[in-house]
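Step one of this worksheet: look at the structure below.
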Amino acid sequence: MLELALFYIFGTIAVVSAILVITQHNVVHSAIFLAGTLLSVAGIFLALNAEFLAGVQVIVYVGGILVLFVFVIMLIAVERSTFERQFNRQWKIALITSAILIGELVYVVYQGRDTFVLAEPAVPLVQGAAGNSQQVGMGLYTTYLLPFEIASILLLVAIVGAVVLAKKKTQTE
Amino acid sequence: MDFFRQHILTIVAFWPVAGVIVLVFLNKENKTLIRWWANFVAFAGFVISLPIWFWFDFENSDQMQFIQKVPWIQNLGVEYHVGIDGISLLLVMLTTLLGPLALLSSWDAIDNRLKEYYAFLLMLQTGMIGVFISLDFFLFYVFWEVMLVPMYFLIGVWGGSRKLYAAIKFFLYTLFGSVLLLLGILALYFAYPGMAAQQPSLAAEFGTAHTFNVLAFQAMGSFLPAGLQWWIFLAFFVGFAIKVPMFPFHTWLPDAHVEAPTAGSVILAGVLLKMGTYGFLRFSLPMLPEGTKAFIPLMITLSIVGIVYGALVAMMQPDMKKLVAYSSVSHMGFVTLGMFALNPNGLNGSIIQQINHGISTGALFLIVGMIYERRHTREISQFGGISHVMPVFAVVFLIMTMSSIGLPLLNGFIGEFTILMGALQANLWYAIAAGSGIVLGAAYMLWLYQRTMFGTLDNPANQKLLDMNFREIVTVAPLIIMAFWIGLYPAPFFKAVEKPVNKIVLKVRPDFFQGAPQLNAGQPAVPAQGDAR
Amino acid sequence: MNFLDLIWLIPLFPVVGFLVNGLIGKRLPKSVVGIIGAGAVLVSFIFSAGAVLQLAQLPAEERSHTVRLYQWFDAGAAQTLGGQMARFQVDFGFLLDPLSSVMILVVTGIGFLIHVYSTGYMHEEDGFYRFFAYLNLFMFSMLTLVLGSNYLMMFIGWEGVGLCSYLLIGYYFHKKSAGDAAKKAFVVNRVGDWGLSIGIMLIFVSFGTIEFTAVGEAVREGLAAGSFSVSDPLFIGIALALFVGATGKSAQLPLYVWLPDAMEGPTPVSALIHAATMVTAGVYMVARSNFIFQMAPEAMAVVAVIGALTALFAASIGLVQNDIKRVLAYSTVSQLGYMFLALGVGAFAAGVFHLMTHAFFKALLFLGSGSVIHAMHHEQDMRKMGALKNKIPITFKTMAIGTLAIAGIPGLAGFFSKDEILWKAFSNPQGHVILWLLGVVVAGMTAFYMFRLLFMTFYGESRVDHHVEHHIHESPKSMTIPLMVLAAGSVVSGYLGIPLWLGGTNAFEHWLEPVFEPLPITQAAIVEHSHAFEAGMAALSVMVALAGIYLAYRKYYKTSYRAETEVASYGAAYPVLQNKYYVDELYDGLFVNRVKDAGVGLWKFDAKLVDGAVNGSASLTVTGANGSNWWDRWIVDGIVRFIGGFIKTASWPIRLIETGYTQNYALVMVLGVLIIIGYALWGGQ
Amino acid sequence: MVATHHYLFLAAALFTIGVIGVLTRRNIMIVLMSIELMMNAVNINLIAFSNHLQQVNGQIFAIFVITVAAAEAAVGLGIVIAMFKNKETMNINEIDLMKW
């Protein structure tokens, strides 16, 4: 029951916050609600026995990416944009499209709902001493070592790219 | 040392470019360093060229020496083939001597874009030396064209008020000639295998394949059909006559000279013009003897017209530089006259006169440049009485004026008199007509001298002029020494050119020496009077 | 010391003087400069005298000594007219023979005196060192001219003296007239040099050599072998070409015009260059080439006629000139005409004899006039002189001697030489009575204008400016001593050639005989005249001279000078004579301005037509380029652009989709995703 | 117990909200945030299946997704700053140079 309660509480917060994220005029507010969504999703992860991922979610998303967003907003935020039109001209078509999208998604899941019920496990993910973090670590550093390293390079490239893009132009250039 | 000796021509030719590579990495703000470096490179270029003179075998001056031959574009038979005989020896030495002087003369005169300026001058130097040492027609053509580019920029960037007009005119005009030259070269190139197939002697020495070898073409000259020779000569004539420049093709010269910076004028008059006459000597005459004979009347006529015409137009010029430029037309008329008199005296004199013209006219342009630097005008009417304030300058100017108008014991006389002697042997009236050029030459040069140097110093702008400084004296001193050397003891120069000249004469007029006593340089045909006693 | 082998040093000493004075003279005191300048010439004179003395000790036929320093240049093989091969080679050599020995003694001797004189005369000048440097350079050139062993060596000197003359006439270069005169002198000389150089070249192609002695031998050999004949057009051509050179340098018709203007130079220069030495170079050259002229009697006739006409022409102008130096200048031209008259009639020795005596008395007269000018503070106009006799007595006395000498008064140098010329003009086979008559008339005119000069300057009433009058003073010793020496020379030098009819031996002619040895040519026999007849002719010419003196005495001594009366007495001739027959204007109109016009015309021709053709072809190219540009733009590119435009127009529906908005693309992408999902769900069934 | 498809519904909802944000908002910052939302939805899916299948691979993939999200955020924000410097705007519709 606890899990169900957690799921609904976090799920509701997540969805509501997400809707607020995309409807706010003020970007700062959007960011705050985004934090709400992200934290809720971390809670969902906990409910799914992914403790390590929950931690990562909080640390990386909320502590890293979101803070980055806020910094950028502080750097460049223009009050002007708050008073402008917030949605573009295709919003109606977009809404309809999105409605079809969710319809399709829901339909897919709904069609397959029985398989999911059957698959529900009675026991924790992995038996024994190994905890969730250990299992993730084992997977990352053995089977997925190469993708992991590639991901690190990707991050490095992204850092360099971001620096180059955001760098202030000097007089000489 | 052996390596140096074997590759000396290449080293001398490409040394300035090596200097340019270093020059490129110098800080462009550090003008002093750039000046010192560029002048050092040019001066060192002269120094490393000196061994050529001492190592040159004067006894075999008609043979190509210091030869270097490396395949280059093998499909086309193009080679990197360089070497010099007595004629090119003198011109190479003239080039390496005038180059540093031209650079030195621009020490104060040029202040903007120094690095590029010196780079172009040094590249020009390589191009000019390359032209004189090439024994491969393709290589020659490459150098011939390459050298246009720096000159174009020198006139176009550092020139006077109408620099763009002059630079473009110079470039297009010369290029026009070059294209015809190229056509001529290609005609020879394609004619060669056929001729080699017919003439065993040719094939034995130079092979039957396509080639650009100048020596092969020269050997082929004796066999080439006269009709073809006529056309090729015409093509060469336009190319070279524009460069010389001969009478109707001369109008780019005054413009280019007037607009070019002093160093450009010096190089232009001193060396570039010689490339045209050198082309006639090295290519037209030996390669196309029949064509040459057919064109002699035209060439002589144009030469004499050029002499008189250039002198008359020079006389009335209000601009000093233009006056000297037109005097070049007149002097180069003498050079071509001697050349197409087609006897040893005329040709010898013609080559000596090329050197002389480089020295005297080069010096005159330096002199005009010096006065221009001080007053920023070249209008003759702006001057007068300069002797009062610039006595040393007056003396130098006088010496070079006298050299230019052919005073004995100075260089001009030796060349002019020998040319006239050759012309007279061809036809008395040639000499008489050309002799009028000497009278007119005296008239316009002395009139110039009188109007600038003599008279009262009534223009207030002239009253505070400074006399020549040490650098300027150093710039002209070598030319004065050369003027006296050639005037007093021209024997080494004649010795260098005599044999190649005889070879050319024999090529064009095979019967010239027939029935003649043994011709050995240095052995008097007439016993000297003093020895008998 | 063997001076004969050291003759090459003779021209060299002045070069040393020139270099020292020219390079460091500015920093030396004037006395040192003068000593160096004059000393160099003195050393040359000593060497010359030594060499001549040693030459005189040789037997007459061996009196020709060549010193060959080195081979000056060797310009390769050449074909002579005879079809022989020769080498055009020239030695740097010097030749001492009786002719050149006379010349070097005159040049160094009189040159030295004039150098000494100049130390006094030029003492006030700023460019003192420059003046002496030029003078020494001149001495070098002149000595090279007369000592050179071949025609080109002579040509070196020939041009060199021209240069020095240019520099020295233009010495007061701040005066425009001086600069003009200098340029005129050089250019007119150049016209002569044109002929001379053609002559030299013809000599080479004819004989294969240009050594004087070798050419002489070649002529003799050719004559003996029959390959050359008298009056051969070749010889006439050579002789006339050489003579053109001589007319330029020696100021003969029609190229004499530069000499009077050359008086713009300092007076010692006029004395040295334009009276005593340089202008006689033409005489020397013709005398030196006597073997060629003998082969061309027609050319000799031209020389004689030109000489006689020049003598008359210049003398007539000299009658009315008022500038003291101009009178002397025209007198010089006239006397040079005498010399050429002598050469033209075959009396080479007489010509050279007159050259020598003339050098003395004309140098004396010029230096005397310089002394007068010096005393008068640079006043040259004789109308502003008069009664100077007692104020500058030494100058007066020496000038009087010079005047008597030039007038041909017996007992002085001029008499001997002038009479010799007149007699040869009459008696020689090439001579003619008309030439003689001209000579006599000129003698009378000479006496007249010279005494006019003397009377106007030294006698009568003073017309001197009052400011100047107080300052008139005799010149310093450095100037008067040369005057006295020259005066002595003007008397004594004539006695070197006392003619036979006066009981002399004509030593001078004998001395020159080896040089002027007649060619073995058959010609009209010399008509023998008695000594008495010769004496009678001499007396006649003296009578004419005396008549001229008397006329001058009547007009300028007895009556005081009035410009108006003088003008009136000549009538219509006066302006013509005063303006020198308008020859300068004629030359300006005929040649100078025409050449300038030609220059301007050709310049325009060059700019408009020749360069116009170039620029025209350039603009033609530009027009063509414009045309092809139009073609390229509207036709060639038009097709391309039509295709492009067509596609652009036709593509409008597709362009509607391409909005450029990121979110449009995203929307389309989502639609695509929807379709894919839809297809996955329902399409596959 | 919560059936796995509940999580999937939640993920679908979040994903669709993200799509709506991306497709409709003009503010580029919010567009970026919407992309983060979509990423989160994907992560939920991955972890739900990881839990469902009792395999850790899903979680590992989620880590990679987070990595990509971080990289994307960094570069995306860099672009935003560069764009703001050049055009002084946050409006994504003004970045329309792709239109010819």
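The letters A, B, C and D name the chains in turn, as written, and every chain counts its residues from 1.
Please note the rule applied: a residue touches a chain if its C-beta (ideal position, glycine included) is under 8 Å from a C-beta of that chain, and two chains touch if they have at least 3 such contacts.
On a predicted model such as this, the values are computed, not experimentally measured, just so you know.
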Co-neighbours of chain D and chain A - touch as defined: C
Selected pair, greater C-beta contact count between C-D and B-C: B-C
Centrality ranking, top chain (CA atoms only): B
Chain whose average C-alpha position is farthest from chain A's own: C
Centre-of-Cα separation between chain B and chain A, whole angstrom: 82
Separation of chain B from chain D, taking each centre as the mean of its C-alpha atoms, in whole Å: 78
Centre distance in Å when chain B and chain C are each reduced to the mean of their C-alpha atoms: 33
Chain centre separation (chain C, chain D; CA means) in Å: 106
Per-residue multi-chain contacts in chain D, two or more chains: 19, 23-24, 93
Junction residues of chain C - those touching two or more other chains: 661, 663, 667, 670
Multi-partner residues of chain B (at least 2 other chains): none
Chain-chain contacts as defined at top: A-C, A-D, B-C, C-D
Parts of chain B lying in touch with chain C, wherever the complex brings them together: 169, 172-173, 248, 250-252, 309, 312-317, 343-345, 347-349, 352, 385, 387-388, 398, 402, 407-409, 413-414, 417-418, 420-422, 424-425, 428, 431-432, 435-436, 438-440, 442-443, 446-447, 450, 453-457, 488-491, 494-495, 498, 501-502, 512-513, 515-517, 519, 521-522, 524-526, 528-531, 533
For the chain C and chain D complex, residues of the former touching the latter: 655, 658-663, 666-667, 670
Residues of chain D defined as touching chain A within the complex: 1-10, 12-21, 23-27, 29-30, 32-34, 36-37, 40, 43-44, 47-48, 50-54, 56-57, 59-60, 62-64, 66-75, 77-82, 84-85, 88-91, 93
Residue ranges of chain A in contact with chain D within the complex: 3-4, 7, 11, 14-15, 18-19, 21-22, 24, 27, 30-31, 34, 37-38, 41, 44-45, 47-50, 52-53, 56-57, 60-61, 64-65, 68-69, 72-73, 75-76, 78, 81, 84-88, 90-91, 94-95, 97-98, 101-102, 105-106, 109-110, 112-113, 116-117, 119-121, 125-126, 132, 135-136, 138-140, 144, 147-148, 151, 154-155, 157-159, 161-166, 169
Partner chain C, residues of chain D touching it in the complex: 19, 22-24, 31, 92-93, 95-100
